[in-house]
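Chain lettering (A, B, C and D) follows the sequence in which the chains are written, and residue indices restart at 1 in each chain.
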Amino acid sequence: MKKLLEGSQAVAEAVSLCRPQVVAAYPITPQTHIIERLAQQVANGELEAEFINAESEFGAASIVLGAVAAGARAFTATASQGLLLMTEVLYNIAGLRLPVVMVCANRAVGAPINIFSDHQDSMALRDSGWIQLYVESNQEAADSMIQAYRIAEACELPVMVCMDGFFLTHTFEPVDLPIQAAVDDFLPPFHFARALDPSRPMTLGGASEADNYQEYRSAQQAAMEDAQPVIEAFDAEFDDQFGRAHGGLLQAYRLDEAQTVLLGMGSLMGAVRDVVDKLRDQGQAVGALRLRCFRPFPAQALAQYLSGAQRIIVLEKAISIGAGGIVAAELRAALHQAGIMTPVESVIGGLGGRDLTPEVIEAVFQETTQDEAGATFRFAPDHVTPDEPVREDCS
Amino acid sequence: MDKRDTFRHNVLTSGHRACSGCGEAMAARMVTDLIGPDAIYINATGCLQVFTTHNQQSAWQAPWIHSVFANAAAVASGVEAALRAKGKDTPVVVQAGDGGTFDIGLQCLSGMIERGHDVLFVCYDNEAYMNTGVQRSSSTPHAVRTTTSPPGRLSQGKHHLKKDVISIIAAHHMPYAATATIAYFPDLKAKVEKAMRIQGPRFLQILSPCPLGWAHDSALSVTVSRLAVETGLFPLVELEHGELIGVMRLAEQKPVEEYLRPQGRFKHLFGTKTGAVELRHLQALADARIRRYGLLDADTQWDTARAMQSARHGRGGYASSMPASEEVKNDA
Amino acid sequence: MMPKLDIEPGSSNAYHTGDWRTRQPVYRNKWPPCSQTCPASEDIQAWLALATERQWQAAWRKLTERNPFPATMGRICYHACESACNRKHLDSAVNIHAMERYLGDMAILRGWDHKSSRGTPQAQRVAIVGAGPAGLSCAFQLARRGYPVTIFDAQAAPGGTLNSAIPDYRLPKSVLAKEIDAILALGIELRLNSRVGKEISEDDLRDEFDAVFLAIGTQQPRPYQYDNRPNGDKSSHSVMSGLEFLHRLNRGEPMPLPKHIAVVGGGNTAIDVARCIRRLGAEVTVICAQDSHGNHHRELGTEMPASLQEVIEAETEGVQLIYRAGVRRLVRSGEHLSGIEIAHVDQVYDRHGNFNPVLFDGTEEFVPAGLAIFAIGQEADWQGLERLSQATESDGVWLGGDAVGKSKLAATAVGSGYQAAMSIMARLKGEPFVFDAHKKAQITFRQMPLHYYPKQPRHEGEISEQRLDGFKEVVKGLADDDAAREAKRCLSCGVCFRCDNCWHFCPDAAVIKTTAGYEIDYDYCKGCGICAQECPCGHIDMDLDPASARTYSAQVLDP
Amino acid sequence: MDKKGKSNMPIFKEIRFHGRGGQGTVSAAALMALAAFEDGFESQAFPKFGSERRGAPVEAYVRISSTIIRAHNQVYTPDAVVIQDVGLLRSEPLLRGLKRGGLIVLNSEQNPGGEDDNFRWICLPASQIGEHHLGRPLPNTVLLGALAANTEWVSLSALEQAVTNHLASKGETLVKANIDALREGYGFITQAEEVMA
């Protein structure tokens, strides 16, 4: 049944439906409402799980590492500084091929310290070996939790569901939560073959040397490659069962005959769709492509979608300092590899919570001046906030 | 000079964005004014850092740096080492909340103390993660409601005990470690001044009520911190090289209920059978702390009554300026 | 523009957190309970504050602004101020009356006078009838402000009841005389042995003076009845009024007394009489219709009216008291009294609140007594003043003192004289007069966190060892050092004494300390209320901030 | 009010709530969105992002739409502004972006000089009413009632349902008190000639 839920609560309810046995977390804005809700569920007896208040994010990540290694389904969530403090452990989880699922409530990274949303934190972990799904709405955030456990456990890869802090975590909007039986149907109980168990004493996390370390990494890479069809397939299966799909790897919007494609990740794509509709109404051939799965990077699928585009604009809320737009750079590489030479405009904005409003997105589209020679990206213009009451009439 | 700064420096000045009635803002203002502006302050992440440095505005009138949550003591170690290398003796002071002390910052703190850095580490203990909206920390007392230790069908608030951090710190055999609270300014002053006279690592744990997280009236921050001491739940102690050298005696032991009642974070304990068990538990914890530190029979003149008493600087009763004295007008 | 990596110190001052405020602290002087209760409206706190600094003369001047009888009142006033003193909720009340006496005695000893406070001479003349505390108080206030005053009194000496009915062991005559002399030294004309209607006519008073203040006191015992015989039975040596007894004693008339005496009454006069009798060597029993002192009885309204301290002194001196007892009849053998029959009093006051005891049959007891003294109140004697007493302030006539009003305390008379003086002056100047001393904001101990004050024992004057040996003063004055220390026991209720609490505790550094005191910096004050909560003396109020519609509660963690 | 009939009407409204930390501002926005959702609309509610300090100015936003709401941006040009504390007027530009003809629901006994004909002012002593019903001067549900009565964007019954659901865990007494407060607020209807469509 559809309910109006805060994003954090929707995610917590969805996690709860996945029957995690261990939840560990350390509070950080804007992740807190997720773990607070889970804590309340445990206190009320609505969720049978061990809820562990860690002493740091480093501890929280390590707790879920241990929990999954011991064969339990586990959950954690963090953001920003907390995600970076987890970094060493997150690489380790991925290297151990433990199917951990976590939420990153996307937030800027300090200094200067800033609690508002951008993608700088999770993008910094892009090379860690985690699957990363960037969600657009609270509905998708909730559904993606259920998909994430299925994907993680099927691929033995950890999954990070990235949802924009505040824009999603703190926003109430309609969410349809599935019933427990349906989720149980979709997501079988977790059986971890390599679980630590005296009846089958195995060693996890041993040392490796030059003659085989690289093979661990190539195996991870292969697993990532293999995960792409799995992600697609489970999204389709989810659609069959629950009547909702989120695009699997990529979600296209009005791409038919689109000459210009606006591409981006996360909640900003809602506004992008509104802009696309408006521009289409004005006769512009514009479409949108949402990159839901950033890791594994769906290079081939992207090339297929974008083969006909004449103008590609990538909007992204992170910057690789010293290089520029991360998604744009990877997209250029992918298109180049596919022999598509359409230039990719890289527009960076929304850092530290700056609002990428429909007006800003439209302005980005309308900007026709050439980028400075040699520039690989530009910053999005600012939204102009009216200080005085506007004289636009109420409808 | 601004008349605001005539009688003290206001190292932590106005315009900061702490909640109304913030105990931590009060404690930090007291401590930093006692130390003065000729010091370098290192702040861990937390309320104090957030509310004093909002968006390109700073409430600090002394050199101050914030890095991340866990590393304040290590940053301070570096600052102190640099000053030593440059032949300076500027005091170095760390300010952190209980999260940055008891939990995420404990490792760096332990390292700083073990290496003997000449740093004063001040922990403003408000017994939970208030900056993120009241989640439990290892400093949160038993049975307290927070958002991550919520009471529910299976729970009476936090299951675990408040970490005895002063004992952990003192076990480093460091020169000076003490507890204090905002309610007893003369005591706090003596401890800060003493700490500033001592070389080497020093530690102060200052109980700083949070009207938001403790859910008490914003006017009661001082009152509540006084009751924490008077009930025995928060003993005021001093340790040198791991040895207990002084306590604040309780002039009168108050029942813990007096302390718990005004605080919403204990509200769920009242009126239920399971809650009553936790109330007895909290009383027993207070009794045990009183016995452990000898708070009722310590051989010291310094007690909770003496430490409360206001200095009488001027004469009171300048009521002669009151309108009651018509003579003033008529006689003229 | 590149934002700064280093931020200016104190730049947060640009952000005014005062806008967050819904309540605002305000420094506001309160009227402490001692002054609230003082019938003479003394600014007790102010003169005690001066005394803490050993500014004795300044303290005395502050005190005498309202009451020119400190040495007298310090001895005989029943000090309601001390019953009201907030300090009794910490340890024990400040010994205000001893301090008052200390200052009064010092003034007499050092010869301080009131001349320095004389105001500009005025033309309008005021006549005062009665040289008791009310009349003298009124004369004092008017004379200080330059008005020519003439006092008429029927007696041969001034002082009224203070002179005629207060025993020497409580008030030595010389002390009263010195204080009256100091008042008269302001240039007041005193005409003794001058009874209106006899020595001077009502018309002359009206004609010669611009204003007349009638303060004739109560010199006539209230009528009492027993055996259906009225009190006019003056032929009897076995029955008299308390007032008559005290007058005769004070005049030094010899009074042969029987071994047992019964005093009927529960007021201070009854106790005075009883204590005098003890000093004259007889046994005495006080028959009191009301209950003994105690909270329960006070709540019921049946507590005896006499001062508790006086009762304790009386009991110490061997006075017997019987409560809840009324006189059924006098038991005589011939013309001699052998005793009185008393019975249990059920109801003391009737439903209108009038004293009207109901005695229960069958509860009679016999109290042996050779003399019965009825001390059940006294009344004014308006003979010769029939017309003036009906006049009003608009006719230029004021009434005051014991003769009017319910309270018969000397301090009330002093306060009444003060009020009359103020009213007369205002009328003579054509200004409106509002007496509002008791309408100011009060302060109770509940508004004061008393734990901020150290406990200190109350200093008492020494008690004479030979108290029943004649009529020497029982209580001695305070020692000098004790007086200074006792003054410091004043909590300064409602009035700032610069403890720094508000300044120390403000989380927002929004209290500014100055050489003159403290100021709230409303640019930054968030209105948390800690300063008000922790102000030891309750000097700070939390008002609704004028910019805010309504206060909101910060009590409960919101969902 | 008929849910289906309502949801067929194309509308898109944005509301901004101003209050102080601790006044239930975010809750008010959530209740408004919940009620609109009850009425069959799409809706969205969210706070001004950032940490909330007790006593500090707080904002929250609501969108109500007959079609799906996809954007997650802040509200810049609201159709109505709800002001929970008149004291905020002295420092915050509370009317910024408010559309011409927009509604201002203000917790104040008097109109503090809002003679601007471009807006409609509803002033009511919501704290007093709140205190009367709740024992605490909480204005939020009272103002919601007034907002609903003067806009017809949401029905009273939907608001009551929202309050009942949202506060269920706090006990029946609190639910009832809030509904009473809501109803009294609903009684404050503008003097103006018409209500907004």
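In this section, a contact is a pair of C-beta atoms (placed from the backbone, for glycine too) under 8 Å apart; a residue touches a chain by one contact, two chains touch by 3 or more.
Nothing here was measured: the structure is a model prediction, and the numbers come from that model.
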Innermost chain, where centres are averages of C-alpha coordinates: B
Between B-D and B-C, the pair joined by more C-beta contacts: B-C
Chain centre separation (chain B, chain C; CA means) in Å: 48
Rounded Å distance between chain A and chain B, as computed from the means of their C-alpha atoms: 40
Separation of chain A from chain C, taking each centre as the mean of its C-alpha atoms, in whole Å: 81
Contacts with two or more other chains, residues of chain B listed in rising order: 17-18, 20-21, 50, 131-133, 211-212, 218
Sites on chain C at which at least two other chains make contact: 16-17, 20-21, 526-528, 554-556
Multi-chain contact residues (two or more partners), chain A: 29
Topology of the chain contact graph, where touching chains are joined (line, ring, star, complete, other): other
Residue ranges of chain D in contact with chain C within the complex: 20, 22-24, 27, 54-57, 85-92, 107-109, 125, 127-128, 131, 136-139, 166-167, 170
Complex contact set, residues of chain C against chain D: 16-17, 19-22, 526-528, 545, 547-556, 558-559
For the chain B and chain D complex, residues of the former touching the latter: 17-21, 50-51, 131-133, 211-212, 218
Of chain B, residues touching chain C in the complex: 3-4, 6-8, 10, 12-18, 20-23, 25-26, 29-30, 52-54, 56-62, 134, 182, 185, 211-213, 215-223, 226, 264-265, 305-306, 308-322, 324-327, 330-331
Interfacial residue positions of chain B with respect to chain A in the complex: 45, 49-50, 66-70, 102-104, 106, 129, 131-133, 135-138, 147-155
